[in-house]
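One structure, pasted below without further comment.
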């Protein structure tokens, strides 16, 4: 027998003795495998999380209203509104491992400093004027930038302008919550440095391609760079498409340029639990449907198109976010040139050797 | 401000507008951080799982009764009774990452072959007569042995004797369940080889200290050894204590010998998510209280003593099992010479850089 | 006894029997340790190679004269003049592991393509107009650039201008020669691509700080970048000194900025046997005398100063090269701001765990 | 053009000006590539070392005579007679990277303690009665054992019996000599511990298959085991051949069992520069001719057969040694069951990515 079902299983007879046995199990804090194996050990990953799309033009006004009604400060720590996967019972978890939130900071507000085991980043889909201060280093946040606050780095934010700003936070918070690994500590109630330099010290030390400061030869668990600027990302993607035009290998698939953000001390992912990538698809490009173990979150940075999630088409515009739970088939279609930021828990899957990918035959 | 409490937090005023905002959040599948930060981002790990001890002399009779009432075969797959942490709502999870069960196989019974992404092992506290067949290689199970069935290895068990046998299964099943990584496949309804050799082929190829077959030079994700025999474990621990007697460094602490089971191709843990160790404490030895990120399960192999879990003493005898959830202080006290098997999710914590340990000053 | 000398050694008596024994050794291709141990196993590394300085204004005219008298083409392959360590018996080895040469290419000349196991690079102290074509990818060579041709990459050079150009070649050729590891193969008699793009394809794909093409996720033994441009090196060093001015940690020592060229896929050295670095010292800076296992070659890129080699001062000007054999103490003194390129065999020493460094107390 | 010859090379015209140029090169310590490229950059490795066989029945009597004529003690340090490759000009180097010597210790003699950067081992083809004391740990030396003294470990030897003993020393001494990496230090003039335990402390701590002491979790550059006993090697080889008989994959080729000695903390080679293996061939087995980058030394442990070195057959008996220089084709033929110990510089080649192997079609 080798069919994919537990249906014709060998079952115990329902007798008073069996019921008594089950009652005795319960009183001894025991629970049999044979009654729950279908749920616990599925044939393929069967996430409770569901695919879902959040529209930026619905999120942003709610963030604005929070700006009016909810103070930001010590205790609540952040005016961050988490995207709650409809399949996960209302908890602000976009997937079982990932957190995604829109964070909003009004004119001249400060989000106080703290640190935690959870790895975090911010990605900016629009706006500017906020500096995030990471271990004392002020880091400008502008459209298209990826900013890191790896685990146990102090960080706070301040808005130095007269205009509010919102961005996306990504964390491994649900993973940390489920596995009980998180520590948290308050830092300064204000940020420790209100300077607004164009480039952070981390960037000035590290953002030189192929070069490493001789004063920093020890590899670090997370990237020391801190800020990945849009100008570099955009140029890298532009060059990939130009190289493709010249007939050179450069893109991941025809019409599909992509980069991974890396820790320059290792060439690996920026943080131990979170992968971050940026994708650019030429107008009209369609990706082959894929299934991957682990979950991903995408945000449209520019352009419009569709994502097919488990067979259902969802229209996408600037700022829209969607989640792809584990093993759910997905593909993208670019109506215009389509730029997307992506983050995922892939480093967890790869480090623990649970990663698998299935690329389906492309539809014709 | 730097005190360890969220109590004097900045809070929004409870107004109709705020309530409407929260309602609008809910309808858009959003959830604010500021109302749940205490739960989601605790100051130290705050596991839902609780410390708990299961007594072998309560477990074993229940397993025996299952042997009478519950058939073993395709569908239910295993006559395994999971230890359900009282803090985890009745699911058969001993911790958020680990599964521990007592499995029982009657005379001449067979548990059919299957494979799954979940990493598994068996540890034998008493008995003999069962062979587990792992990817076609029959592996004898005897008292004191650790037997591996790493992820995606086919495995089934058969009892070749007239007496029942029970043992402990350990898996990363809860971790896999929470993170949606598991695949499962049926194999043969019987085991593929009913031979009962004293040593498995994997042992004959690999269990020679400091030697590696030249035909097997590629490192493997999990240990290729398959069976770790009691005679080796016992001798290693005996030698450590003798070396200690001779004034040589060998034990982890005075009176406390310990070994880790390893993958000989890398020197690292036997499987990507599970660490396995064996500890021997001289009579009268007390360990310094420790807190560790991640959860552990211990089983007493021989001897008697106590475990202090979060300050509470629990008496231990042969076969008793207990779980230490993340960051719960624990220490052991040996009334007689005390032998314990231990497994944990430490490789997960270390590979993702969440590991932390706090050893408290020893009480005097 | 623990003094550092073999002088009062136990010696055999010089008898006819001993002489016969030694003769019998020789006829059986044997050789005793006890007569040569002082040479073979010194107390500290005792290189045959000596420290030496080559003056650019002596090298360059000789390279020019070679341009008139020696054709470049298949067979001789390169118009390269090796720096021959005076201690190494006339072989063109600057150290037992490293090769350094000045290579000269006249107007519109081509050095044909070939490939070899030896790892190579070029560094340009002055001039422009040559493109090196590496595995078909044309790479511009300009002042301050480091250009790689890792082992077994096809490469040829062509001068696309009306002016000659010279530069420095660095290789692990002596190491490969001593250990018999080298393979060599001819390629095209011309270069395969005479295009003269500003940036090579490798740079366009890889020279974006903190970003990795998703099409190139496999780590490579040598850096895929190919060209490290002066503008990046200069900016990295400038920023380090500015950060030092701001009181931030950034330099290796006060007044001493430095970068290592790295393979972005790993964060490690650019090639398995060769380390490359660039150092900038503020006017007046003096480095602490150091001894290091392994040999290094420096070239002054700009400025003037001195190097103290085994206690002897040597004046340095633009283009001058010097070698530091293993364990010879060296220190640098900057008369003006002093910019130096450095390469060494440090990766060999580190990968085989022979690396040691001794930094002497700074003279006051 | 792509033929494998430098013959039709472009050559400069032999003129007075060229001769003057060459003279000027010499006076400036320069040396052109184009006149020596054939020697420096060969098409395939062209070792100066030659294949050679040393007969044990010629070596041993010479060692005995040394025992009579040459004292052992501080200064000469060891009564070791190096095998001098006939192609390497009389230096006691068996290859450019490796040293092999027969060492002889008379009844109750002591070879004093010292340490050096060079990695060393001893292999015992016959005899017993000597203990080597490594960092204070006495290690019994018996037939078939491999004993390590990794770089910078203090070591001395003493013969506790009334009979002389001889064995083989292997080191990376020539490599260290060529690359100037060696340090040396005297230790005690006697050995620090004259105890004669059956098992060293290192073995008692480490020689348990698949187990690692919890007190020793840090990986070490070289193996902590120290002694690899014949009984384990023999059993591993025996099992491989039995598994082959059962139709199971276990041997490297039909009739050819082999193991590599490994560092249990990493699964890798025992020392950073030296690989050690043991091979057993069934009677009649012939290996496919191979070429490998790097050099190897073999010693026949038991049995008789032939080695074909660069096409020439050499008869082999117990104790005979032979060297295979880089890229020289070799194959073995077993007249009886043939047991061989092998060591090589393969870790150097692999860590620096110069390794290549060419297995020729087996002759029919």
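Each chain carries a letter (A, B, C and D) given by its place in the written order, and its residues are counted from 1.
Here, a residue touches a chain if its C-beta (ideal position, glycine included) is under 8 Å from a C-beta of that chain, and two chains touch if they have at least 3 such contacts.
Computed from a predicted model, the values in this text were never measured in an experiment.
Distances between chain centres, each the mean of the C-alpha atoms, put B farthest from chain C. Between the CA-based centres of chain A and chain C the separation comes to 43 Å, rounded to the whole angstrom.
The mean-CA centres of chain B and chain C are about 52 angstrom from one another, to the nearest whole unit. Measuring from the averaged C-alpha position of chain C to that of chain D gives a distance of 30 Å. Residue positions of chain B in touch with at least two other chains are not found. Taken together, the chains touch in the following pairs: A-B, A-C, B-D, C-D. Residues 1-4, 6-13, 15, 17-18, 21, 24-26, 28-37, 40-47, 49, 52, 54, 58-59, 62, 65-66, 68-86, 90-92, 96-97, 101, 116-118, 151, 173, 175-187, 189, 221, 272-273, 293-295, 325-327, 345, 347-349, 351-354, 356 of chain D are the ones touching chain C in the complex.
Those residues of chain A that touch chain C in the complex are listed here as 201, 204-215, 217, 219, 223, 225, 228, 232-233, 235-236, 239-240, 242-243, 248-252, 258-267, 277, 279.
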